[in-house]
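Remarks on the structure that follows.
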Amino acid sequence: MKPGNADPADASLPEGVDEALALELYRQMVFLRIFDERALVYHRHGRIGTWAISWGHEAIQVGAMLALKASDWAFPSYRENKLGLVRGMSPAHVLAGCRGHPQGWWDPHQWRLGAISIPVASHVPHAAGFAWGERLQGRDTVALSFFGDGATSQGEFHEGANMAGVMNAPLILLCTNNQWAISTPVHRQTRARTLADKAAGYGMLGVRVDGNDVLAVYQAVSQAAARARAGEGPTFIECLIYRAQAHAFPDDPSAYRDDTEAEQARREECVGRYANLLMRRGLLTEELAARYREEFLAKMADAIAEAEALPIPGPELAFAHAYERKTPALERDLSELQRIQAKQGTR
Amino acid sequence: AASNGAGASSKVLATPLTRRMAREHGLNLAEIAGSGSQGRVTKADVVAALEGRTTSNVVSQAPAVQV
Amino acid sequence: MLFAEALTSALREEMERNPKLILLGEDIGRSGGVFRITVGLQARFGAERVVDTPVAEAGIVGSAVGLCLSGLQPVCELQFDAFSYPALNQILTHVSRYRWRTQGKAPMPMVIRIPCGGGVRAPELHSDSPEAYFCHTPGLTVVSPSTPADAKGLLTSALRSPDPVVFFEPKKLYRHLRGEVPDGEHLVPFGKVRTAREGSDVTLIAWGAMMEIALAAAEALATEGVSSHVCDVRTLSPLDEEGLLQAARVTGRVVIIQESPRNCSVASELAALLAEHAMYDLKAPIKRVSGFDVPHPYYSIEHHQRPDCARVVDAVHRILEA
Amino acid sequence: MKPGNADPADASLPEGVDEALALELYRQMVFLRIFDERALVYHRHGRIGTWAISWGHEAIQVGAMLALKASDWAFPSYRENKLGLVRGMSPAHVLAGCRGHPQGWWDPHQWRLGAISIPVASHVPHAAGFAWGERLQGRDTVALSFFGDGATSQGEFHEGANMAGVMNAPLILLCTNNQWAISTPVHRQTRARTLADKAAGYGMLGVRVDGNDVLAVYQAVSQAAARARAGEGPTFIECLIYRAQAHAFPDDPSAYRDDTEAEQARREECVGRYANLLMRRGLLTEELAARYREEFLAKMADAIAEAEALPIPGPELAFAHAYERKTPALERDLSELQRIQAKQGTR
Amino acid sequence: MLFAEALTSALREEMERNPKLILLGEDIGRSGGVFRITVGLQARFGAERVVDTPVAEAGIVGSAVGLCLSGLQPVCELQFDAFSYPALNQILTHVSRYRWRTQGKAPMPMVIRIPCGGGVRAPELHSDSPEAYFCHTPGLTVVSPSTPADAKGLLTSALRSPDPVVFFEPKKLYRHLRGEVPDGEHLVPFGKVRTAREGSDVTLIAWGAMMEIALAAAEALATEGVSSHVCDVRTLSPLDEEGLLQAARVTGRVVIIQESPRNCSVASELAALLAEHAMYDLKAPIKRVSGFDVPHPYYSIEHHQRPDCARVVDAVHRILEA
């Protein structure tokens, strides 16, 4: 399989995807795309910090999220730091996080999204345990964990996946194989023929889809969710794409790969491809597409302004929430710090 | 600054407690014979030094009335 | 009641009380755990609440994070001290930080039980005292009982704690220490040291299995007319700083006793705390009687590594002379 | 496949196994068997500590070790603590270790055996790295790592196996699937159909053999070693048996399993089965078998006496070897301790 | 020379000298590492000696154990501080114990390089200062340089050490600190503190990125007439106890500065060391200016957590008053 190198011959919509949903998939993809493009600009302005771009990952992120019920949970890695947008989180909220602002946190229960997991693969066991816990409590929640090709090398991916199998957890292991882990190509990541080959080792179904095809992703996740809800256990889904951009900004891919494949991937990117399909079906017009873009561009402009307007908090927040109640030592440390900062008057 | 810093008493062995007592009573530790191991000045040595010096200005440093 | 039985009774009673508690670990179900602490619990509460897991400590603790998110309160048993190390990444990056990361919205009310310490003639890596790794990690509460009553009372508190608790069970005490345990619900609050013996000449500070050594040393010293004040730390992190400072001030001479290696340990922290906040109350240098900075030795020679009465008495003699 | 439930129809020896070797395999199996049986007695006497019995694992341990060259390395877990015997280590040496005596250590380079790895699976990456390092240095060494069914759940098994695949390391992953990890049956350890199914996830060959058949194990390991030496990379071998004994002594399996399967496994154990085969081929007589037993029983009696005669070392050894040179703090600590112990006169 | 360049030059020169050195880590090859410390080395020494690994820290360090057994000397780069945690099991159970376990026959001459510390506006878990976990582990040598000269000299020593060395590189210094580095072979021995500034009123003890703060505080204090003696610990474990005791004795007043959380930290050990062995030379309580016992905060507010000049100066004022 090669990702994204062909439009599907016919433009029929898969089962369960009506026209409204087909358009909503598109709209959300555009939102993520614009978020990414603007964030990169803001990063270059120095207005946000490190930017873990997911340009080209929209079909996977949106296809997967829209295939879940609102009551299902997703567990993002750093690459999916803007996943909340798909569930209605404000872009200012996400941008605050990119500015290293404490307002970037979210309540996992409100959004039904785990906290972003920075250590690669370390959230896979969380998703497994969560799914298992939901099943134990008789709920029909499904959990979906996002992670990358590189993450499959981590012990915690393995332990989480194996545990999910044994516990028959309603879990979807959604692996975005973008063929790179920073500078390491997937064939130096594992000798497995495909990443989906790993599924058998956990006694679970492994499937492989074109990650540039939002409908294929939607369908694979829908089916996996249905199986999970039916008590048939976890599924491993490998979504194949090619990381068309840098790993993050800053990062200079020219140091480790030549740009031809990336160039190709940029030409075959998922948003344009899906737009074509929708236009051929008459569901999308240039005009509507432009309208979406306008809408989200305006949102982003407001969002960055809002994020930049957030005041930098004092030290209280650094001392809060490590424990339910601040320890006496933390109380003392905080008041000492406040005394010193007050004396300095510089903070 | 550092009025109590590396003065004459810096080579004297004593706990911070003993040093502070001496400091607060204006005693020079180096002038007190230490009875502890290796000539260490103990709290008892400082108390003894204070008692042997009842007429000094130490009295005026103490509060006149204990409240 | 045996120390081990006190732990079992805390688990049993809290599981009766709180349906959200779920136990997971290697061999805790049918077999009742290698130390028999969960014996009978699977029979009582079923295989869904007392769960045998694969041999995967990061999987156990990592899935416990997820179980917390789903609203349960997992209690993980890690089989031996050194087998907590494969779970350190989960504990350091997630268990300890999730509440903080979510500004209090996703707390991690889990307990991680870890049998610890030496003196039980065990193979390599079955005798470590790894508490310092956990105490150095903000967000965790680290506890170790030294009596059956505290075993029950502190474990009960752990099972009700809104914060993640790492609970160290000195394996030497499991079946060797017997003691009174109050009937019925028994809670010992975190963050309060216990005065195990009152005295006036020297303060001995210890916890867990080392309390036995501290008390034996206090007896030995008493025969020489030296009066020891013996303090059981109980909560290793966050420390009961006030209680510890007071215990030190009672006598102004302090010996800290621990089994783990010394470098960057709980004994280091205790000494540092006193050096910062009780310096003017100290009459002598602080002494640490500690495991040395070497791996826990083969069991035929582990007695050289584990602090004993003679070493404590010697340390006291030295600071009394000082 | 079920382990050990049938004698092979014919008694022909596989390629590369001549009669001398066939008998040597048997002799070593008897040695290990007798070691195990005597060690259990010594344990019951309180003369050795915990005993990690491998009664019934002889076909695997001997078959694998004899398929390796003398220059190859093996990496044992606790279950293979007596593997050195096969390479000429004295039983007293092994028994010293069981007595918690420092004389139980060995020099990995002398015996071409890694140190016993107590944390399950944690030595798999060592074997991978070692094999890779040998290849880098142009040697034709093969490394073999022993581990159990439970070990396959560990992250470090996964990371080591994956790394070995990527580095094309000349490694044999020899998994003893004795169907139990202490009290946990293999079907609660993983949902994989077979453990060999895990191999594909690392892009390596996975094979499954009857672990009660020493010749089958010998052959599988020989072939894997040949592949490894030919630069074809690692192999995963699942040796299926059934743990006929307790996990270790102490451990009481009656708490978690009924004895019927174990009983059956004890009847089908590998040493007797192989003896039958050799006898049918006329290679072994009752007399010779008895002679072997006598020989090893005598060895064991001497060995325990020797191990018990070892004096308990002073504290120096507890302070040695953590660093190449003792630190000043350790020097001071040691002399303090010696002073105190001298005063006590009790040590 | 930049701090980063000093590290690169140590690696390059030692690799020229010693064919047994092999580098492994994530993205260290073609890309030269996320901090560009190994830049150019793969081109120079080939992909067999500068090896991009899978994203698997336990696999990296675990296979380094095997590489040592095969006679090589691996140098592992772990990408960021907190990504050393997945390797802790290997480090605690094997790297630190293999020499001991084999009575010296199978040493582990490996170096584990870990970029550390905050102040670089990084995402979560990219700003930890985890040295205490390693210092608490017997068998490891733990080192952190604070100048380009020491970066080269200490790393060169690490690359020649027969014992495993955990080498902490303050990432804030990589491209912000420039300094003289002696030409040619340059070795700085382990176990020797460095006097960064002589003074008589107060002793400031720090290491790594905190040396910058200590020296800035010394400057600020000098303007008030307070003379600071500034000591760079350099080798965090095993400590240069004599050197540290001497540095404390110079002034009898000690402030210890570190970025990591305080509980059971290197600062705890230093304070404990002084409280045990320099008590009679101390004139005031010891002060620790430390990261607080909370997770390293979001970067917009990390300045509250990282010790700064004002906090050090305040601590000095307080112990001068004391």
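As written, the chain order gives the labels A, B, C, D and E, with residue 1 at the start of each chain.
Heads up, the rule we're going with is that a residue touches a chain if its C-beta (ideal position, glycine included) is under 8 Å from a C-beta of that chain, and two chains touch if they have at least 3 such contacts.
Only a predicted model underlies this, so the values are computations on that prediction, with no experimental measurement involved.
Shared contact partners of subunit B and subunit C, listed by label: E. The chains in contact with subunit C as well as with subunit D are A, E. With centres defined as mean CA coordinates, subunit E is found 40 Å away from subunit D. Put simply, the C-alpha centre of subunit A and that of subunit E have 35 angstrom between them. Inter-chain centre distance (subunit A to subunit D, centres taken as mean C-alpha positions): 45 Å. Under the contact definition stated at the top, the residues of subunit C that touch 2 or more other chains are 53-54, 56, 58-59, 82, 85-86, 89, 93, 100-101, 124-125, 138-139, 238-239, 279-280, 282, 284, 292-295. Contact of a single residue of subunit A with at least two other chains is seen at positions 102, 118-119, 122, 153-156, 159, 162-163, 166, 188-190, 322, 327, 329-330.
Residue positions 15-16, 20, 40 of subunit B each touch two or more of the other chains. Contact between chains, using the touch rule, shows up for A-C, A-D, A-E, B-C, B-E, C-D, C-E, D-E. Taken together, the subunit B residues at the contact with subunit E in this complex read 1-2, 4-6, 10, 13-16, 19-20, 40.
Listed in rising order, the residues of subunit A touching subunit C in the complex are 73, 102, 105-110, 114-115, 117-119, 122-134, 136-137, 141, 143, 155-156, 159-160, 162-163, 166-167, 320-324, 327-330.
The residues of subunit D lying in touch with subunit C in their complex are 49-50, 78, 99-102, 104, 116, 118-122, 150-151, 153-156, 181-184, 188-190, 251-252, 255-257, 312-315, 317-319, 322, 327, 329-330, 333-334, 337, 340-341, 343-344, 346-347.
On the side of subunit E, the complex with subunit B involves touching residues 200-202, 221, 224-227, 250-253, 279-285, 320, 322.
Residues 22, 48, 53-54, 56, 58-67, 69-72, 74, 86, 89-90, 93-94, 98-107, 138-139, 141, 162-163, 191, 238-239, 241-242 of subunit E touch subunit D in their complex.
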